[in-house]
Each structure stands twice: as C-alpha cells, then as structure tokens.
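To keep things simple, chains are lettered A, B and C as they appear, and every chain counts its residues starting from 1.
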Amino acid sequence: MILYALSLLGVAVFAASGALAAGRKGFDWIGVGAIAVVTAIGGGTLRDLLLDRHPIFWIADPAHLWVVLGSATVTLVYVRRHRPPDSLLLVADALGLAFFTISGAQVAEQQGLPGLAVVAMGVITGTAGGVLRDVLCNEVPLLFGPLDTLYATAALAGAGAYLALQAGGVERDGAELFGMGLVAALRLAAIAWQLRLPGVRVHGEGPR
Amino acid sequence: MILYALSLLGVAVFAASGALAAGRKGFDWIGVGAIAVVTAIGGGTLRDLLLDRHPIFWIADPAHLWVVLGSATVTLVYVRRHRPPDSLLLVADALGLAFFTISGAQVAEQQGLPGLAVVAMGVITGTAGGVLRDVLCNEVPLLFGPLDTLYATAALAGAGAYLALQAGGVERDGAELFGMGLVAALRLAAIAWQLRLPGVRVHGEGPR
Amino acid sequence: MILYALSLLGVAVFAASGALAAGRKGFDWIGVGAIAVVTAIGGGTLRDLLLDRHPIFWIADPAHLWVVLGSATVTLVYVRRHRPPDSLLLVADALGLAFFTISGAQVAEQQGLPGLAVVAMGVITGTAGGVLRDVLCNEVPLLFGPLDTLYATAALAGAGAYLALQAGGVERDGAELFGMGLVAALRLAAIAWQLRLPGVRVHGEGPR
C-alpha cells in the first residue's frame, strides 16, 4: 500500500520533470504530454520489456497514466504564472529515483537474476525515463555528461548497497530502506555541494 | 482483405515519407532504406512489443518489408528527377495515420485493455514511427513541436471517438469508420488552415 | 566454444568503440560506461526483444556485462596516456560486426523465419548497437550518412550471402565462414580505399 503510493508519487514527479523539460523546449500540449508520459513510465517499461513481464505495469493498471496526465496538467497550469518550485522538485525527484531504483532491483531479484543484472535493472528502472526524455528533446542525455550531479551514480550505489547488505546477512526490509536512503542522500548531497564525477579524456581524433 | 490492403498502403506511404526525410538529410542508400523501414514499421513494432504480440507483424508476414523497400526505391528514383508530390503524400499520409491509429486501438481492445491504454496504443501505433524517424535523423520530433499541424492530436481524437462511440452504443464498424474519418479530416483540415496547438510557456530557467 | 569466445571478443571491441565515442563527447565515467554497455549489447538485445527470446542473452549470462565493463575500463585507462590504437580497433570491430551479423541471422534462421527477416535480424544484430550509441551521443548515426564506409552494407551483403549460399546447396558451416569473411573483407576494403555508397538527392524543400 505504501509502496503503491510511493510508485504513483514517483510517476507524478517524473511526469512533472518531463513536462518542464518539454515546456522549456517550446513544445505544444501534445508534445509536453508525450514527454511527461515517456519520462515517467519509460524506465519501468524498459525493465518490463527486458524481463518479459506482461502486461507492462501501466497497461495493467491505468492509474499510472492518469497520474501522469494529471501531474503534467497541474505542472503546466502552475508554470504559466509561477516559477517552477525547483528545489521541491529536486527533492521529490530524488525520492522518485530512490524508489524506482530499488523497486526495479527487487523485480529482477524475484526473477532470480545474477547480481550484476539486478543492479543493472535497478539503474535502468530509475534512470532510463530521463534518458528517453533527453533523447526525444534532442539533447545529450544529462546524466551521461560532465554537468550531471551523480544521478546514475546514486542509483548504482543504492542498488549495489541493497544487494551487498543482503549478501552480508541484513534482511530485505532493512536493505531496502538503506538502499533507498543512500540513493536519495547521495543525490541530494551531490546537488547541494555540486558533486560530479570526473570527465574522461581521450587523446587524438577518431577515425571514420 | 480491404484492411490488409490498407495496411500495406499505409506502410508504403510511411516508407516514402521516411525515405524523403532521410534523403533531405543527405543520407546514403542504406541510411534511406533504414529510415524508411523504421518509419513504416516502427509504430506497429512498438505496439507489438508493448502488448507481447509475437511474432511481430512484419516478422510473421514479410510482405510489409518488401512493400517498404519497393516504396523507398520508387520514391528515390522518382525524386532524382522530379519534385516530390507533397500534396499527394500528405493526403496519403493522413490516410495511413487514420488506418494505423484505429487498427492499433483495435488490437489493444481485443486484449481487453482499459480505455486509456487502448487510446495510447492507437496513438503509439500511428505516430511512433515518425518519432523514431526524427530521432534517428537527429531532429526534434516534429509532432511534439510548435510547427506540428495536429498530427498526434488527430490520432488522439480519432482513437478517443472510436471508443466513445462504442461506449455510447454505436457498433464497432460504424465507430471504426467514424474514427478513421475523424483522424484524416482533422489532419487534412489542420494542414489546409495551418491549425496548431498552442505552445507551452515555462517561467524561469531550469536547475541542473 | 569458439563461438562463445568470438561473442565475448565482439562485445569487448564494441564496448571499446562505445567508450571512445563517449570519451570524445566529454562524458563522465558513468556516461562512458552506459554508452559502452549500450553499444556492445544493444544489437543483440533488440534482436532478442524482436524475436521474443528470453531471458535476453546478457541477462542469462552476466559474463557479457563483465567483459563490457572490463573492456571499457581498460580502454579508458589506456587512452589517458596513449592515442587509441585506431587501426587495431577497426580490424577488431570488423570481426565483431562479422560475427554478430552472421550469428544474428542464424538465430532468426533457427526460428524458421522468412529470408528477408533473417537478413534483417543479422543486420540489426550487427549494427543497432552503434546506432544506439550515436543516438545517445546526440549525433546523426554514422552508418546512415555519406561518410560511412560500408558498415551496414557489409552486414547486408554477408547475411545475404550466408542465405544465398545455403539456398544454393552449400552447407551451413561453409556458408557461415564465407558470410563472416565477406562482412569483414568488405568493411576493411571500404576503410582502406574509402569506399562509400552514393548519397541520395531530393529535389525541392519539404512540406510542414
């Protein structure tokens, strides 16, 4: 019950982030709606496709789509008059990332996948929606680039900690809480102190 | 039988539109062929993946791929000498959009999905190929942006009307015809009178 | 056994190519890792999704993911000090393309698909990872454009020859070797002599 509410909250926040990104590109209402949908359900959809889970979560339960459309509408109405509440959105987004990452890892765990695939599914569930948003907006995905403040890193660390703690004997509920907390804490700390991963340097030009 | 012919016609028109877009980017023959294929079968492929329908329609029946390749070839040969027949293509594309949207909605309906998911599948089937075309051409998807003349809007309205009419007691065949007609009429009217959805405005700059 | 080793070699080379492309875009470590993963396993993943083969190859056998991460790490460490060994990489990449193309075609063949779908699956398996790499780097996919030196063309020719030889009575092992050899030879010849497909010309401007 709490998990279901968290899931809808996460979807709502990701939808708002998608709607804002699309609005900043000057998209029309359909474009904003489409980007909101893709941002909110893209990660979970890719997870379900890769793991052959059908019906896909938002096809089975249309509440997710309604929440996306409601959230996008509220966002658009609000930002016609006001500046978006960016700090609030960043905190909510960190919670959404935490929830999606750990719940994605759990889905993979229940299928008995090897550890590395469990971590990969967690990161994909948490981050793929934002990558799709950026691809559809024709931008370099934020979370790959040098400006990113540990978005995927936080997901990776949280999913890894969730698995490592269980391997070390901690029970699932504790590992889950710790994993989610680590994702949110790392991400918020990175925003607060502008923490970033080092960029990569490559010598010389490429062929072709 | 008529439906099968319409399906191949739609695929042919979408392939021509993809081939022209790729040709305008200066792609080579392989690139043009690839974009034509993705534009023509992308929407139906995404629908089949999301609904777990296997084998995917063009894998089960290679006639679709042959029609795509034939249409792309004819298009390329024609445009070496002549201006593309843009008005004709726009009309044919509106018919293709109408057919794909309603037939995509019907596939979802036969699986007993909730109404919102039926509409979503109709819109995805009709429009995702064009979005993929634009992503692969490294362009902002036309149908999200302020220049779009009601492409996805027409699909949304047609799929919605198809469902609403049935809920109101109209039988499927009538709802199907009305839905397809509405998609094509809206789209052609939007082109003729340059109808567009309003753009969205967002105050202030974004974080990150 | 040899095939499994070739598969891991192909994955390693594609991962290095992805890591270099991401490094040249100035991505951070996470971005480089993500692009390396997508480049290396994207083609096979799309093949498995389209053919409904589950679990997907890298989920079933995490060795592939470990090889990707190892290869990306070695690549990044190496290029901090040295120029990338581009000629070596191009040769290895041609071998990877040859292996992935023919093995992708074989998977489709074992499912009894029609010839055109077998060829399409071979080309998709060999090339889709590189297309995804370019899309995620926000570049026009190299292999569609006028600068491409027969990348997809080589895959197409090799997969076609593999099928045609079998239809002409050659046994599978011979057709396989010839197909792989043709892919690698065409690609390397195209690089050596800068062979390219002609670009396409379209008269006039587009509508919309």
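The criterion applied here is as follows: a contact is a pair of C-beta atoms (placed from the backbone, for glycine too) under 8 Å apart; a residue touches a chain by one contact, two chains touch by 3 or more.
Quick caveat, the model's predicted, so the values are computed rather than measured.
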| item | value |
| --- | --- |
| Chain-level touch network, classified as line, ring, star, complete or other | complete |
| Angle, in degrees to the nearest 5, of the Cα rotation that carries chain A onto chain B | 120 |
| Chain centre separation (chain B, chain C; CA means) in Å | 29 |
| Multi-partner residues of chain B (at least 2 other chains) | 49, 52, 135, 138, 148 |
| Touching residues on chain B, where the partner in the complex is chain C | 20-32, 34-35, 37, 45, 49, 52, 54-56, 58-59, 62, 65-66, 76, 79-84, 86-87, 89-90, 135-138, 142, 147-149, 191 |
| Chain B to chain A touching residues, read off their complex | 49-52, 113-117, 120, 131, 135, 138-141, 143-146, 148, 152-153, 156, 196-204, 206-208 |
